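Per-chain numbering from 1; labels A, B, C, D, E, F and G assigned in written order.
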Amino acid sequence: MVNGIERPLDLLNQSKGKEILVQLKSGNQLVGTLLAFDIHINVVLDNAKEMQDGEMKRSIGLSFLRGDTIIFISPASVSTDKK
Amino acid sequence: MVNGIERPLDLLNQSKGKEILVQLKSGNQLVGTLLAFDIHINVVLDNAKEMQDGEMKRSIGLSFLRGDTIIFISPASVSTDKK
Amino acid sequence: MVNGIERPLDLLNQSKGKEILVQLKSGNQLVGTLLAFDIHINVVLDNAKEMQDGEMKRSIGLSFLRGDTIIFISPASVSTDKK
Amino acid sequence: MVNGIERPLDLLNQSKGKEILVQLKSGNQLVGTLLAFDIHINVVLDNAKEMQDGEMKRSIGLSFLRGDTIIFISPASVSTDKK
Amino acid sequence: MVNGIERPLDLLNQSKGKEILVQLKSGNQLVGTLLAFDIHINVVLDNAKEMQDGEMKRSIGLSFLRGDTIIFISPASVSTDKK
Amino acid sequence: MVNGIERPLDLLNQSKGKEILVQLKSGNQLVGTLLAFDIHINVVLDNAKEMQDGEMKRSIGLSFLRGDTIIFISPASVSTDKK
Amino acid sequence: MVNGIERPLDLLNQSKGKEILVQLKSGNQLVGTLLAFDIHINVVLDNAKEMQDGEMKRSIGLSFLRGDTIIFISPASVSTDKK
């Protein structure tokens, strides 16, 4: 399951096309499908939703997110929540 | 719909001339037409409006916005709101 | 009106000699005539006035403003307010 | 026990595959198995759990964590807590 | 009066040996004679006084001030206040 | 006692293997034996203890501490407190 | 008295071996003898004392202080306070 992760960006690379949870420094979270990222951890999410305290606050669709606003990115926790 | 997005800046490039929503770290939002951007995510918006809690606070017209004040940029959510 | 803006700094270049509104991260605003700027968005304003909640707080005259304290710069909104 | 630590990153290198505690600037903590890190101290954790005031807040599984959100990383304190 | 200001640092260069007002991010202000500055906007002030809400808080004399603590520097406003 | 300190990092170099007190921006302190540091002032402490208001909050053992969370490092004050 | 100060770091160079006051962004102050500094304004102080609201909080002795925590450094104000 964790094969092939030698550098941190390998996890982001493996998560392209999958749903991810992004925890923001502001306290909010974004959930969406990872389309692209760069070395600044800027990411593009498709079908993004902004969450607050576990509830959907608003749908923001296709979005560009600045890397310096992120605490962590978790591809696994989205699927876990759905099961 | 998401064709052609290999790097995060591709989404901004595709959004030139379109209306975008910019979520600021200050909690406010700006809505306007994207005219230009650079690698620092500095952007120029035309017909920009400053929003707070979903209501228009003031019209600021043609404006230069520093990239380090931005959380996310969403081209899709503006059109979604209008439908 | 927006001709010639291919990069964000083009707007600042076009605004030299004109009155601009500068929104600061501190919540205050400065209004003044743009004399000069650099790639850090450091700017020099002439006849600058510090505004708070739409009222003039104090006149600070010819001033150097650090770029990392700025949220946005709006050349248009000053003239809009006057009409 | 502390053999082989000449530079700070040597400790992270020795901790690969082990459980670590990550203290975040936000006040929360993450506990998980260290899979990878880079010079920005970005880390990938497996089976990560978010802790607050010593209690598990939520399981976030395999996660990418930005280095600039970290205060300290402690491989030792996880095992100490378990004994 | 504003002749010779093509780049922001030109204003600081013209202000050497003159009294300036420095607005700090902390909310306080320093008033003193500008002796030296560098590209980080680090400055040396002579006869510096720390001001709070328009009143002198303490005299700190010859001082080195870090550039990243500054919002704006105003050579003009000091003389304006005195007239 | 202060012989051989020409550059700030010389003090850290002299403190290897000794107990140091690290004051964090968060307000907390860490006490531990300095094993390693780098030019970012990232440090590795052995037998580290987290202190708050002069009392031990928890033992975190061998730990990696990010340099950008530090206000000051004091090798002397640990021994002073013990005498 | 201010001879020889052409660049900001010249003041720090002249202050080696003298007592200085360091105003921190945290609101506290450090007073001590300047032993060394570098271009990041990291400094080493000997016989350092931490001050809060004009009173000594604790003696921290020989200490390394990170430059990014500093607002200003004042060699003059220490002697002024003593007179």
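Please note the rule applied: contacts are C-beta pairs under 8 Å (C-beta built on N, C-alpha and C of every residue); 3 or more make two chains touch, one makes a residue touch a chain.
Because the structure is a prediction, the values reported are computed rather than measured.
Counting hops only between chains that touch, chain B reaches chain F in a minimum of 3. We define each chain's centre as the mean of its Cα atoms; on that basis chain B and chain D are separated by 35 Å. With centres taken as mean Cα positions, chain B sits 20 Å from chain A. If you average the CA atoms of chain B and of chain G, the two centres end up 44 Å from each other.
Within chain G, residues 68 each touch two or more of the remaining chains. Order of chains round the ring, counted from chain C and going first to chain E: C, E, G, F, D, A, B. Taken together, the chain F residues at the contact with chain G in this complex read 1-2, 5-12, 21, 25, 41, 67-68, 70-77, 80. By the touch criterion given at the top, residues 24, 26, 30, 35-38, 42-44, 46, 48, 58-66, 68-69 of chain G touch chain F in their complex.
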